[in-house]
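Take a look at the structures listed below.
In what follows, chain A forms one complex with chain B and a second complex with chain C.
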Partner chain A sequence: MKNLENQTKQAHSRGRSGLASFGLLLPGGGMLALLVAAPLILLIVASFCANDSFSGGFTLANYQQVFADGVFTSLMGKSVLMGLAVTLGCVLLAYPVAYGLAKLVSERARGSLIVLIIIPFFTSQLLLIYSMIVLLQGQGPLMSLLALFGADPSASILYTDAAVFLILLYEFLPYMVLCLYSAIAKIDDNQLRAAQTLGAGRVKRFTSVIFPKSLPGLLSGILLVFVPVTGSFVEPDLAGGSSGMMVGSLINSNFAAAYNLGRGAALSVLFLVILTAITLVINGLLRWAGRGRQRL
Partner chain B sequence: MKKKYPWVRAIMILVYAFMFLPIGIVILMSFNASPYGTFPFEFTTKWYELLFSGGDLGQATALSLIFSLLVALAAVLIGLLTAQGMRRIGKRKAAVFSQLLNSAIIVPWLVLGIAMLILFNMTGLGRSYLGMFLGNTVVVLPYVVLLVYPALLEQKPNAESAARTLGASPLRVFWTVTLPGILPAVAAGGLMALMVCFNNFVIQYYLAPFGVRTLPLEIYNLVRVGYKPDINALASIMVVVSVGLVLLVSRLGFGKKKGLFW
Partner chain C sequence: MAKLCIEGVSKAFGEKQVLSDINLTAESGEFVALLGPSGCGKTTLLNTISGILRSDAGRVLVDGRDIGGLPVEKRNIGMVFQNYALFDHMSVGQNLAYGLKIRRESREEIRKKVSEALEMVRLPGTEKRRISSLSGGEQQRVALARAIILRPDILLLDEPLSALDKNIREQMQFEIKRIQKETGITTVFVTHDQGEALAMADKIAIMRGGEIVEEGKPQDIYVRPESYFAASFLGTNNLIRGTYDAAGRRMAAGELFLPLERRDFQDGQEVAAAIKEEYVHITKPGNGLSGVLTEKLFLGQLVRMKVSVAGHELKAVAMEKEARELLVGETVGVELEHIQAFAVQ
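Coming up: the complex of A and B.
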């Protein structure tokens, strides 16, 4: 069968076939080149340009300006902390859920429970934020309930960093659960039983079987959660209150209200570089931890 | 092994409660007469009536629906070509190409949206329907390809070779042999593209023409101002629609074999 396939392949002239493949890939590849690669290159170029018309020559002034007032540094630090906190929260909650979905629940329950986890993917980000605001707002359902126990019903954590944390956790938890679930589901039950028979307790089973085996899922989960959370600007804008700004809000303020090309581009580039560096460090650390474990 | 991990089960229940409490409250509030979302609860359907009486939310929903359908259609067409091309160039080169596709997912939409706005401003296109259309299409394209390409790989090439040998044109082979086999994955990819575009706030925020409000933009503006009970009604309808679509997509492409997430 393989032969027949090869013969038919050879029967078509090789040059024409290559041209056809190229033609098929052209629209998609062209779109990626023109609408993802080119804009990102332009962004980097713009960050080194003296003025908005790309004619002022090379300059570092935009970067100097960004660091001059210290706003970027403090907001970037705050955002990275928020990103790490939300990611950690997601990991801590998602591991038990993913393990339960993969190994504890029955086959039938699993299908429906996974569908439930996917629903937020298909729901608007803004509606998720909005529903959390409704839940948390002063005089709202949660505060009315707490008022029964003597709390002030008009007080609320809404418009604080705690509310932003909760909303981001709520939005991104499903990503982490699905990533970890797909990795844990592939672990052979026998391997877990073997570890148990050999006397490994729960902690040991986690550190020497589940953790190293689920590492790929954990790494993609961290990428999917940490990067967008650190760059979020809608959540702090809607629920963070007056002191809720994050680095995404700062970048956004250079493009939405005003059009401050050079400075905004420099901010975006720095943001991307720092995020990439942190993600690489986290990946490296986890990989190192996983490898060390697997040797035991 | 069953019934042995009480704390794992407890956390599962807690997490599911956390995930669905806000949505449940919004559905409850959509039937509450209070315009500020406060108790005591008094049943009403007036927010649904308000929603359908032709306000801004209804108009924005219609605009978003038509726009997302066009984007999904374009993404499916281009995604089919791309997946077919990836299949022809062999697995190793295809892996490189799918890395390229992934980059469109990994770069934060905030940065990508801004970068595209800079490009469009420089080329004179500016904020326009065309720019918004292109931006949203390139962002949903990876989802379509990631769903369609694996389905295409699972197809045996023999039937296609036979059809070719019998004299069918490549286009006819694709239309009558290849496409029917991967139709569920194509439908799942199309729905995924539709939903991601319909809900995409960030890209539309930067690329939409001034004054044009798609649904995410309209909701953003309303939520900034404060509590609006007709958003509750809209949110409830959208959650119900989402549940239906998730069930449909999981039937089509996700549940059976390996899908996008597992």
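Coming up: the complex of A and C.
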């Protein structure tokens, strides 16, 4: 009898805790459902609708139009290349910075250096872009400096893809640094020393310990940089010149200028699918590389 | 198999002198323990041997060859860290194979050596296990195997047993000692646990404040220490201060008079004596000095006691069956041996 009572008591408390955890999940889960899942579903539905009021019935016309003129394919290709280039640039620049920050500088210096890295986050994105434009423009500080070495001060890389690349690199580098920093800071110094006593030089220590152990940070850094860079449209519009357009600009113009909701939605869905696929491939490749280094 | 010589090694961190003019030799195949309280510089000394730290002055010689200028990875020195520092993103086998792969040994050779090394630390067939699935003692064995698999000239152990439970720790003392003898690798072992040092080492160097105070065989350094610090640091001691009485060849500490073996003191010189608790024998009244038993603590195999003698309270330890008859409050006889006396600076 007593046993039975205990069991029912347990069942009751389990029921209560189930209710409690549901209650606790509600704010977060509800927010995700409302702000992520619902808009995404709407977007997908809209991309298959014949007109903007969701009443025209199912159609593939939006997707057919997108592929008809080939603009999307070429812009998407260009954007992905830009995304990959900026991400790679960020990784190459951020690894030494993050390593130095995590392992080489003193505790006291680290705090202020991290603040310096975070400062750009306090500024509006537009301001960051304009400050870079001012820096890069003809007769600007950079060109005036280069003029001392015989360059033409009125020439500039502004309004080229190179300028867009530099601005994006500047904007997104902090994300990569912070992601890698937090991953590298967790690596035990003694593991690096152990690798060293076992004969590992700098390169081997990086490939066998630092790289595989910072992989989670690297992957989240790549996600935080690659996706927004590929979809960026403000930077190419402002600094890319007449031929600087990227796929983000195309999507933006469909929503904001042409008011073609269906085509904009179709473009967005395609963009999302392609980016997800590429990210998954990068993820897989890196994990494979991290493991491959350690095979017996 | 290599001889290790440390000559005049000094190291300072900023203003703080951590090592000053250290000289130490470990003969080929010898097991040397660096023993001292925390902050005495023993780990710093270990790190200057491994190359993790560069010394400010002095030389580190392996078989007469100065390795001071070499980076860590070129020194051929094995190290076991306090937290083991195993690569937890690799399997046991991958951890052991790590250094062999860097030396570009063949797959066959690597497989054979890894299996032999695991055999030696009594973990055969665990190549595929993940590090996180091992117990503390097993991780310790893997760390040891990883360090010796490369047959280093010198093996350095940095408090390798401090993270283990008491029982496993005692078992690992035997294991490490056995493996060290089997491989014959010259070993330097850092510890703050004197029991560990006494049990395992061929030679103990006692450190304090960045200096080696005394070195010698465990038995010698324990029974016949040459410095007051070593005498008072090793074992549980009764520390007594007094003055030397040249006529009576004894030291006077209030009402207590202790006969001394050492006689190179001046009359009236201030003297500090250390008597280990096991050399305070409590017997029937009438033998030796007269005292009163004030405390008795039953520890199972042993009994720990306190006895009041001429105004001094002395600690004593005896086998349980020897002390069974003694009662607290009774008058007892107290006999003292191995009184180590030193001049007070």
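We adopt the following convention: the second predicted complex is superposed on the first by the 260 of 296 C-alpha atoms of A that agree within 3 Å, B and C clash if a C-alpha of one lies under 4 Å from a C-alpha of the other, contacts with A are read in each partner's own complex, and residues count from 1 in each chain.
As a working rule, a residue touches a chain if its C-beta (ideal position, glycine included) is under 8 Å from a C-beta of that chain, and two chains touch if they have at least 3 such contacts.
This structure is a prediction, so every number in the text was calculated from the model and none was measured.
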item: Chain B versus chain C as contact partner of A:T197, first or second or both or neither; value: second
item: Touched partner set for A:D188, first chain B, second chain C, both or neither; value: second
item: Touching partner for A:L24 - first (chain B), second (chain C), both, neither; value: first
item: Which superposed partner A:L35 touches (first chain B, second chain C, both, neither); value: first
item: First, second, both or neither for A:F211, with chain B first and chain C second; value: neither
item: Partner chain(s) touched by A:V97 [first = chain B, second = chain C, both, neither]; value: first
item: Of chain C and chain B, partner touching more chain A residues; value: B
item: Residues of chain A contacting chain B in one complex and chain C in the other; value: 193
item: For the chain A and chain B complex, residues of the former touching the latter; value: 1, 4-5, 8, 17, 20-25, 27-29, 31-32, 35-36, 38-40, 42-43, 46, 54, 93-94, 96-97, 99-101, 103-104, 111, 113-135, 137, 139-141, 144, 170, 173-174, 177-179, 181-182, 185, 189, 192-193, 223, 227-228, 231, 233-234, 237-238, 248, 251-252, 255-256, 259, 261, 264-265, 268, 271-272, 275
item: Chain A partner contacts - residues on chain C that touch it in the complex; value: 50, 52, 71-75, 77-79, 81-83, 85-87, 89-91, 93-94, 97-99, 102-103, 110-111, 127, 146-147, 150
item: Contact set on chain B toward chain A in their complex; value: 1-2, 5, 7-9, 11-12, 15-16, 18-23, 25-26, 28-29, 36-39, 78-79, 81-82, 84-86, 88-89, 97, 100-101, 103-104, 106-112, 114-119, 121-122, 134-135, 137-138, 141, 145, 157-158, 161, 164-165, 170, 195, 198-199, 201-202, 205-206, 215-216, 219-220, 223-224, 227, 231-232, 235, 238-239, 242-243, 245-247, 249-250, 254-255, 261-262
item: Contact set on chain A toward chain C in their complex; value: 188, 190-191, 193-201, 204, 208-209, 212-213, 290, 294-296
